[in-house]
Structures are given as C-alpha cells and as structure tokens.
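Got some structures for you, see below.
What follows is a pair of complexes built around chain A, which joins chain B in one and chain C in the other.
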Partner chain A sequence: MANKNNNTVQSSHKKKYARFIPLYIMALPGLLYLFINNFMPMPGLVLAFKKYNASKGIWGSDWIGFKNFKYLFATQDAFVITRNTILYNVAFIIIGTISSIAVAIILSELHHRIKNFYQSVILLPFMISMVIVSYLAFGFLSTDNGFINNSILKPLGIEPVSWYREKNYWPFILVFINTWKGIGYSCIIYLAAIIGFDRSVYESSAIDGATKWQQITKITLPLLKPTIIMLTLLAVGRIFYSDFGLFYQVPQNQGALFPVTNTIDTYVYRGLIQLGDISMTAAAGLYQSVVGFVLVISVNLIVRKIEPENALF
Partner chain B sequence: MKSVDDKRFQIIGHIVMIVLSAVAVIPIILLVVSSFTDNDVLVRNGYSFLPEKLSVYAYQYIFKTGNSVIHAYGISVLLTLTGTILSILITTLLAYALSKSNLPYKNLITFIVFFTMLFNGGLVPTYMNYTNVFNIKNTFWALLVPSLLCNGFNVLLMKSYFVSSIPGEIMEAAYIDGASEFKVFYRIALPLAKPIVATIGLFSGIGYWNDWMNGFIYLTKRTDLYSIQNLLNRTMQNIQFLSQYSTNVKEAGAGLAAIPSVSIRMAMAVVGILPILVIYPFVQKNFVKGITLGGVKG
Partner chain C sequence: MKKIMAVIICCTMLTTMLTGCGGSSSKDKVGATQTQTGEATATVGASDTSDISDPAAKAIADRKAEAEKTGKYKKVVLSFFTWTGAPAGLDRINTLLKTYTEEKLGLDVELSIQDVAAYQQNAKLMLSSGEQMDIFTTCTLSYTNSASTGYCLDLEQDNLLQDYGQGIINAIKPEYINACRIGSKLYGVPGLKDYTISTAAIIIANEYLDAIGYDYNAADPDNKGTVKADWKLIDDLFAQMHAEFPDKYVYSTQDNILSQGSSVDPIGGDFFGSLLDTVNSLKVENTFESSIYYDWCNRMYQWNQAGYISPDALTDTTGASARIKSGACMAMMACSKPGYKTQISGECGRPVTVFQVGEDVLKSSAVSSFPWCINQNTEDKVATVQVLNAFYEDPYLSNLLVWGEEGKDYVETSDGHIDFPEGVDANNAEYYTTMLWLMPNYFISHVWNGDPLDVYEQTAAFNDNAAKSKALGFTWDNSDYSSEFTALTNVYDEYAPSLAYGFVDPKEGIPEFVDQLKSAGLEDYIAAKQKALDDWAAENSVK
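Up next, the complex of A and B:
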C-alpha cells in the first residue's frame, strides 16, 4: 500500500517536470545565444595576464602576471583615456539632465497639440546611425566644403578653421552632438514621470496665485527628484563606458584629435584591430569591465538604500 | 494674472521648442539639399541650404551605375529582416518561459540573463571568441550574430510585460482544455503581448539597420557583404585617408577620382537614412511607449 503510494508520488513528480519540458525548449535558443555571446568570452579575460601568442592560443600563451597592466599604466594613455571617458560622461550627465528636464517641463506645460510634433522631431536624431551623424557633422565642419567655413566664417571675413585638426573645439562639438542626439530620448522618461504627477496639486497652487515659475521650482522639480537621482545614478554606473561611434566616427579617427577624443573604448578598438597589441588591449578591457562592474554594483547599493523599488537587484 | 503668466510661458515654450526642433532637423535638411546640389557648385561654394544649381545626377548615378550601393542596400534589408525576426523569436520565447512563476530553476535562469547586463568580457575576448572559436569573420553571420540578436534587458522587459499584463486565468483555462504550452504561447500570450513585441521589434530593427560596428570589426576582406552603413563608413575613411596621407597631388587626384563625388556621397547617406525617415512617423508612438516602459524599469 505504502509502496504503491510512493510510486504515484514519483510518477506525478515526473509528470510535473515533463510539463515544463516545452518551456525549457522555448528558453533554450535565447540562453544558448547569451551563453555564446556573453559568457563564452568571459574566460578570455585572462589574456590580460598573458603574453598573447597567436600560435599558442589563449590558453597556451605564457602567464606574465601584471606586466600588461604595468605597461598600460606606465604610459600617458591610461591617464588620458580614463580622464576623457569620465569627464565626457560627467559633462553628458550634467548637460543632458538639465536640458532634458527643461524640455520635458516645457512639453508637459504646453497646451497646443503641436507639442507631440515637437517631441517626435527632437527624437529623430536618436534614430540615426553614428556613421550618418559623422556625415552630417562633416557637412558643417569640412575644411574645404563645410557649411561653417564657407557660409558663416567666409562672409564674416574670418579665416577658415581646420576643424578636424584643432583639438580645442572638440569637447564642445562632442558634447553638443551627444545632447543633440540624446535629448529626445531622455526627455521622454522625465516627461512620463511629470505626466504621472497629481494635477490637483497644480490646480490648488494656481488658485493660491502661484506663478508658472513657482509651480516648476516648488512642485515639479521636487517631485522629479527621485527620477533625477535614479537616472543620474544609473548613468554614473556607466561612467567607464563611452559611445564608440561618437568618439571614433564623428572625429573621423583623426590623430590630431586623439588627446581629446581617445576614450577607453576607442583605445581598446585601436589596440585590437589597428595595432594588434592583444595583451595590452585585453588589460585595458579588463580594467574597464572590472571598474564598470564595481560601479554598477555600488550604484545599485545606493539606489537600494534610497529607493528600493527602483533598484536593479 | 494667471492667464498672463501662462500666456508668457506658452510663447517662450513654443519658441524654445521650435528652435530645438529646427536644430534637430537642420543637419538632415543640409544633407538632403546637398545630395540634390550640382556637384561643381557643391565643390565651389561648399554645402549650402540654397544652392545655385540643383541636380538629380547623384541619384541617377546611384540607381544606374552605383551597383555597390544597391548591393549594400540589399544586404542591409536582408540583415534587418532576418535579424529582427530572429531576435523577436528568441527574446519572446525566453521571456515567456521566464514569466512562468512555477518553472523550476526560474530564479537561477533569470539571474543568468540578468548577469549579462552587469558584466561583459568586452571587445577583445568577444572578438577572439567569434573569430577563433566560431570563425564568423568575413561571413554574413558576423553582421547578424554578435551582440545584436538578444540582450538581457529586452528579455527582462518582455518578461515583466508577460507577468503583469497577461491574466493567468486565461492561460489556466487553456491548459485545462488540454492546450499544449506552444499553443498557449502562440494563440494566447503572443497576441496579448503585441505592443511589447512591436516595441522590441522596433528597437531591434533600428539596431540592425543602423549597425556598422559588426561589419567594421569582422568584415576585413568581404566588402561584398558590406551593409549600407559599412559602405558609407568605408567611403568616409577613404577620403580621410587620402587627404591625410597623399603628399603627391597627382596621387591624391587619382585616388579621389575613384571616390564618389561629394553629392553622390551625400545621396548615399540620404538613401541610408531614408527607411528611418519613412517609417518614423508611423512607429514613433510605439517607440515613445517603449522608451517609457524601459525607462521606468531601469
């Protein structure tokens, strides 16, 4: 009797798992892809501690400890790429946040339906590839044919500028292009938050004679604070990463501009593809991955303290 | 009092938004106008919004003799279609499985997916993996597979949609009626998830159409596999290369003759953004919805 009971329990157990087989089959292609694309490369990070020899392969190459890192940090490059990556991101975060909040507030307060049209138009640059953005920038900045040199500076009697050789302009150009491309995207998130606010607060403040400016500074901005903190922290978590296209394509890989356009991502690309210095590049890559990981984790800890439901984990 | 204040805000607001909208589209307008400008005028006067002489020569050239442009266009279309369909399929299936709360090892699998968002090997190991282990260099796979097919963020976004927006009772009823898991997915879950499927398809489609990175890294010899983005990228590189390194004027001249003229290049770029400009008005609502969903999540 007991035996029989046991059997049915077991078979129902089996049946229970059998029921899930189709689900595992469904999950398989996606998991397989993530395994190939994301997990399989990870052990390759050991290259940072090896002297890569193509004939010996990743695993056969000789261990050399921290030598690659020593070389990397002995050069000026390590400092320049770290500084550029961080400073650009800080500028992007500050300018991007302020401008997209301003736009979101304006869009939320406008009455006319044309605001939907504005919103669509400013989102358009977000959909354009960086290669084409580099063409657009070239149309303005080209030394010989560019719009700025030919149609603005020439009529004013100002000498043409060799934009792709003068590094001083590029921090401004890159911050402008990044804002131009991203503002439509980031203002949507703020706009969605503002639309969710309780309108009755605004109505009662208007009855009390509050001006638009007072409503914005005393109601909207304080209510937006959690969103601002969240998005800023998330961006800080990504501060060690840069948009390769922005820093490589738009300045057209011009050597004269490297001091202000070289970031960790462009450095790693050039090291891998153009110089073929795999070991040193792997060291720079590992540096980025590890610091990036630590930043994401710490940022998430902070978020979990402030706003538990917005934490990633 | 209040209406004066509001009126002032409305006027300033409209002015700011009109300026910003203009700034957003002006570079694109300059590109389009240049592509319709007579090449000699373009070389003499530079890029301009009001050219002296218009010409459709650049487009005639592209469609009559510019085989490489048409070819690259074909690759881009093929890549975008296959990539988007595969990516929707893979992402939706995985997200659906993870949305089942009673699935054994669900938390472990979810963590595996989530971990891909926190840490990655970066360019060097990824490149070595795809070139040495999978040998996809200089194949169509190189455009299709690396980094674009499926990502943890989209999977988790879709999973939370399945969990929150599809009533469990409907699916329960289907199971009781003896429907298989695949049937429930295909007949019930998928139709109800249309908005999120559309959003992720849109993200993925734009991602594939705009991608130049994969071809840039993995297509070293097979220029016949270039997408339109890669072709545009290569053209720009050639110009830079010549202007930088040719000290010999004759050599530069010979090199430049092989490169499409300014107006043709601009026309190529216009052709490259055309699909985005055409579909944009129809999909932008979905796109905005998708960004809102993603932004709220993380």
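Up next, the complex of A and C:
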C-alpha cells in the first residue's frame, strides 16, 4: 500500500519536471553563454592582485597584494570619480523611475491605434548608439555652429555659451540625455505590469467617485510597488557602474568637464589606455563588482525587514 | 502533439547553431587537398642542408626544404597602422610579398594593417591572447611598458640578432641601437628615420600667401624647402591672412606645442618632468612651470583672442593637416626635416611653405620612442628575426612595404625619382600609406618626386649634425608610479588642452594647472625620474 503511494507521488513529481524540459532546452544556449562568458573567466580575477607579465602568463605572474587598487583610492581623483558615479546613478534611478512610471501610466490609458506609434517613437532613442547621440548633442551644443547657440540664444540676444567648457550645465544635460534615451525601454516593464492589473478594481473605484489622479496614487502605484522595488534593487546593484558612452562620448572627452563627468569607468579607461595595465583594470572591475554585490545584499536585507514579500531573495 | 513540435523545433535551432562551428573544419579539409596537389608539382630541390655553415643561410635552406616536404610555408605577420586603416591594395601587396619571401626566406610573410585607433586598442590584446602578430611597431603603445609587461622578445637571446640580424646591425648605428636598450637587454630596434627635428615649423598653404602678396619663392631662393622665420613675421602673416579671409580660421590646432614646438625633452617618455636644456643639462624639471611653456600658451592665447582659432577646436578630433586639406584652416605647426615640404604638401593636399622658427634638436627619446619589436610568443624566433632583418637590408622588400607595387602604385620617372602612375593621385591611390617615418628602413627605397635624390643622405647627416641630447639612450619604466601617472594624466587632460589652444589666460590658468599637478604627485614622480636618470648617467659615464 505504502509502496503504491510512493510510486504515484514519485511519478507525479517526474511528470511535473518533464513538463518543463522544453523550457530547459530553450534556456540551454543562453545558460551556456552565461557560463562561458561570466563564470569561466572568474578565476582570472586573481589578476587584480598580480603584476601581469605576458611571458609568465596569468598564473605565473607575481603577487603584489593590493597595489593595483592604489590608483583608485589614494589619489585626489578618487573622491571625485566615486561621488560622480554614485550621484549620477542615484539621479538616474529616481528620475528614471518617476518618468518611466509616468509614461507607462499615460500609455496604458491610450486605447487608440496611435498608442503603437507613440510607443515606437518613445522607444527609438534607446536603439540609437551612444556615439550617434553624442554627435546629435554636438549638433545642439557646438559653440560655433550649434543649434542652441545660433537658433535660440542669438535671436534672444544672449551671448553664445561655450557648452563644452562650462561644467555647470553638464549634470542636467547628462541626466536629460540618459532619461530621454532610456525611458522607452524601462517603461515597457511598468507598462506590462500595469496592463496586467485587474480592471475591476478601477471600475469599482470609478463608481465610488475616484478621480484619475486618485486612481493612480491609490491603486496603480501600490500595485506597482513590487515591480518598482525589484527594479530599483537591481539598479542599486549597478550603482558603481556607469554608461561609458554617456560619460565619455557625449561630453566629447573634454578635460574641462572632468570634475562633473569623470566616473570610475572613464577614469580607468583614460588612465590605462596610456599604461595598458591589465591588472589595474581588473582591480577596478573587481572593486565595482564587490561593492555592487554588498549593496544588493544589504538593500535586500533592509527591504526584507520592512516589506518581506517584496524582497528579491 | 504541440509539445513534440516544440521539442523538434528547439533541437533544429540548436543543430543549425552548431553547424556554423562545423563549417570551418570542412574548409580545412579542402585546403589540405589543395596542398596535396601542390606537393605533387613541387620542384625537386636539394634537401641536404647540413653542409651550409652560415646559420642564417642554413635556417633559410632548412625552412625551404621543410616547405617542399609538407607543401606549407610558415607564416610570419608584420603588423602596423596607417591613419586611415588597411589600404585597398593590401591583398595585392600581400600576394607579391608571399611569392617573394617564399623564394627568398622560405616563409609566407603577411602585412597586417589597421587604423591607428584600432591598433592602439587592439595590439596589446592581440599580443596577450595569442593572435598571430609576430613583428609589430610600438608606436601608440608605450615601448617601455610593452617591454616590462613581457610582450617583447629579447633580441639578443641565444645570439638571435648576431646570427640572423646582420642586416639590422649594419643598417643602424650602434649608438642608435643601444638607445633602445632597457636595462641592458635589447627589446626592439629603431626604424631608420629623421631622429632630429627642426622644432616649431609653421606651415602655411601657398594660395593664402599668394592672396596677401607674400613672395615665398623669393624667400627660399636655393629651394632648400624651408624659410627661416621669426615669430614677428608669423604674427604679421597671420594678421594679414585673417583680414583677407575672415570666414576661415587661420591656425589649425593640435596638442604638440611641447613635443613638436619646442626642444623640451620628454625624458622617460612623458612631459611630467622633462629636460628643459637637453643638450647641456641632466636636470629633470617641471615643464609646466617653465618660461618655454608660458611663452607658448601666451602666444596661443593671443592668437585665440585675435580670432585665428576655431571655438570648437577642443572638440575637433580631425588631424591638423586634414583641416587644411578641407580648406577650413590656413596654417598649422609641426616639426620639420629634409624633404618635409613634399610630405606635408601631400598631407595637406596643396602646395605649402614651411617657415622654420625653432632650432634642430635630437631628443633623448627620439630614437627609442617607437622601435620595431618581436612578439615574445612568436612561434619561430629565428624565422621572425630573419623577416625583420630582410626589411632592413632588402631594397625590394622595403620598396614593397613603403611604396607598393611598381607599375600600379608608383612608376619610375626619367630622373630616378618615383611618382604616381597615370590616373592615380593621393586621393584614389590603392596603396599610399604616407607612413614613411614608421618604416624599418626607407633609406634603401626609392625617393618620391619632389625631394632631392640625396634626401636620405641629407637626413642621415641631419641626424648626425644636430645638437644631441645628453640623455640619448635613457629609458624609464614607470610601472612603480602608475597610480601617480594615472592621476597626472587626468590632470593634464583636464587643464592642458584649454591652455595649449589658447582658451585660457596662462597668467591664471598655468598656476592652477601646476597646483593640481603637484597635489597629484608630480614632485614624487619627478624625483623618481631624476634618480633613475642619475643612476643611468653614473653607469654610462655621462656627465
């Protein structure tokens, strides 16, 4: 009797997993790529603690402890680049989330065919390479022939601004460009979540006399909370990384703007393109990953304390 | 049913992905059958090479015998860059090269040419990842850095240079070969070129001089190629040109006021601590506090205020001569040498006059700034050294590398020069690298039309007669100070271009710049350089 029961339990388990086999096969190429690209090179992280010599190879090179990390911490630039990286990412997370949700809510209210057109147009900047964006920006900001200096400031009688030499405008310019470029892509996830909500809640609230704004703040946003927390958590994990194209190409690699556009990634690139030091670059990558990892775990712990169901793990 | 279809489709997708990998192996099989047929028709030659005593000749004979047996020649790749990337005619040149070197060296030599930005970024990666790059130029890569990271082969290991590189030893003066030593090991050999430079040469396109009525032919009656001038004359000419052509910018900028515009010597490979009087003194000083730097920044500031420089100069990354070629600018500054007028006229796409304002100097790093090196991981060290050697002593190879194919890329003129063939010019030429100064030995190749036939002898004399730096031969590995160097480079990138292009008044700009350099560790860096220089001077008995 017990045997029969066990057999049925076991075979129903097998049947359950058998159903997912096609999914596993579909995921196999992606998993294989992830393994080869992300997990197999991991032992190479030892390079961050070695002085790489091509004739000795990675494993034969000498250990030098933390010397490769010195240039990231012991110089006057260390504070500037860390501050820039973190502050820009915080601004991107806050402004990006608010604007993506706003656009997603607006798009979800459209029911005409025109919605597809708007969605494509909003998504278009995401598809454009950052190098092209940098030249689009140059078209606007060029001192001599730029659109802003010639067609906006000159008719108003204002002196032309040397955009690529004035630091103060660039935090706003970079946040604007990053938001404009990313909003189409990031609003897709929120849009998908919003469309998945049960419409009956909205209908009953309309019967009770709720305005559109009340519906948004009291129904949509609370329902979106898990999505927002998950995406913000993921973004916080990348808070020490920056979009290289945005901070190197868009300011046209101008030295005068370094105090506001130099991030960890661009600093490492500029310093090491001259030296070509592989170990120092590995040290920078390790630093960013370790900090990101610690941040994700700690923020997740905090979220778990406050709202247990919304934590990632 | 649906589940079965899904599984079948997934498996089909997987297999089609994997056939892409399988495709290359079938190609190899085809290649193998081709070489087998080749073998059948190979000439029967002497396969006994044991009686050849000269190691170089013996190595060649051994390889040729081996190639006859297997039908395959070992490949050696020589890698460098041009300003615009691989020329259209590269495959044609490589075919000619292959035929010639198979016969002469028993090897299949191939040229690999990239564009300068790609070369700078990819070269080190290619060297460390094992892609075939046997001989390479260290221009845009740091020679000392490449050697200390272990990319370069010690050329005197197992007597490689002595036995197989006699052509190199004969072509280059011993003092120039020794200038490339790091410690006492030789990791690269310099290309033969003009090591001396005539600093601060102002180049002005002739059509603008005609418009303001300046007679450049009268100024250079012996057709020496340069007109001796001073800053007063240049300021005068610029003012007239600016008045005559208000819609063009007078001066085309580049970041070379120290490297090409002055005789300040970037001892050890950078300007963070340099020799201000390289011929007479071994004192390493702060370049940016010197009066030379102040004078130059002030001059640029005056020119910028006068409107000679484009407001977008900082963001413009096109080459200085390219701006003259396009007609946007009228003049530029660089350094000069015998035969420079022809070279720069070609780059600017129009005839120019070269005004010589500075003096001639041979800086310490001039010889060792970008030697030709051999990859530490090269498969057959003897073969690679012999290839490099051949480019230094064989006029046919040098001509092929430098000028291209005779008849298609150049033709001989009646007076012994060479020039473009009918219908070919600088814009549509298939192989016209304009990288003469990078080549191993262009002294044994033809002379392009426009230069005197003895220009190569003139250049050699130019090298020997110039005021030589006391520190010639000194190299410095800065890897112990890499974090200071990174910080200093960042400060330089932030302040120096605005000063060098005249956007900032040097009276305020330079003190701020110097303060930032000092807090980035400039004084420690200079002290370290000075110590290394003093040690080298004591070792080599240089006073």
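The rule is simple: the second predicted complex is superposed on the first by the 209 of 313 C-alpha atoms of A that agree within 3 Å, B and C clash if a C-alpha of one lies under 4 Å from a C-alpha of the other, contacts with A are read in each partner's own complex, and residues count from 1 in each chain.
One rule holds for everything that comes next: contacts are C-beta pairs under 8 Å (C-beta built on N, C-alpha and C of every residue); 3 or more make two chains touch, one makes a residue touch a chain.
Since this is a predicted model, take the numbers as computed values, not measurements.
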Partner chain(s) touched by A:Asp243 [first = chain B, second = chain C, both, neither]: neither
Touched partner set for A:Gln119, first chain B, second chain C, both or neither: first
Which of chain B and chain C A:Leu286 touches, first, second, both or neither: first
Which of chain B and chain C A:Asn53 touches, first, second, both or neither: second
Touching partner for A:Asp144 - first (chain B), second (chain C), both, neither: both
Which of chain B and chain C A:Gln76 touches, first, second, both or neither: second
Chain C versus chain B, contacts on chain A by residue: B
Which superposed partner A:Tyr269 touches (first chain B, second chain C, both, neither): first
Where chain A meets both chain C and chain B, residue numbers: 22, 26, 29, 138, 142, 144-145, 252, 254, 272-273, 278
Residue ranges of chain C in contact with chain A within the complex: 3, 6-7, 10-11, 14, 17, 120-121, 124, 127-128, 141-142, 145-146, 149-151, 310-312, 314-315, 376-377, 479, 482-487, 489-490, 492-498, 503, 516, 519-521
Residues on chain A engaged by chain C in the complex (per definition of touch): 21-22, 25-26, 28-29, 51-56, 70-71, 74-77, 138, 142-145, 162, 164-165, 252, 254-256, 258-259, 262, 267, 270-278, 280
Chain A to chain B touching residues, read off their complex: 17, 19-20, 22-24, 26-27, 29-31, 33-34, 36-45, 47, 57-58, 102-103, 106-107, 109-112, 114-115, 117-125, 127-132, 134-140, 142, 144-147, 149-151, 180, 183-185, 188-189, 192, 206, 209, 211-212, 231, 234, 244-245, 249, 252-254, 265, 268-269, 272-273, 278, 281-282, 285-286, 288-289, 292-293, 296-297, 310, 312-313
Contact footprint of chain A on chain B as seen in their complex: 1-2, 5-6, 8-10, 13-14, 16-18, 20-21, 23-25, 27-28, 30-31, 34, 42-43, 45-48, 89-91, 93-98, 100, 103-104, 109, 112-114, 116-129, 132-134, 145-147, 149-150, 152, 155, 180-182, 185, 206, 209-213, 217, 229, 232-233, 236-237, 240, 244, 262, 265-266, 269, 272-273, 276, 280-281, 284, 287-288, 291-292, 295-296, 298
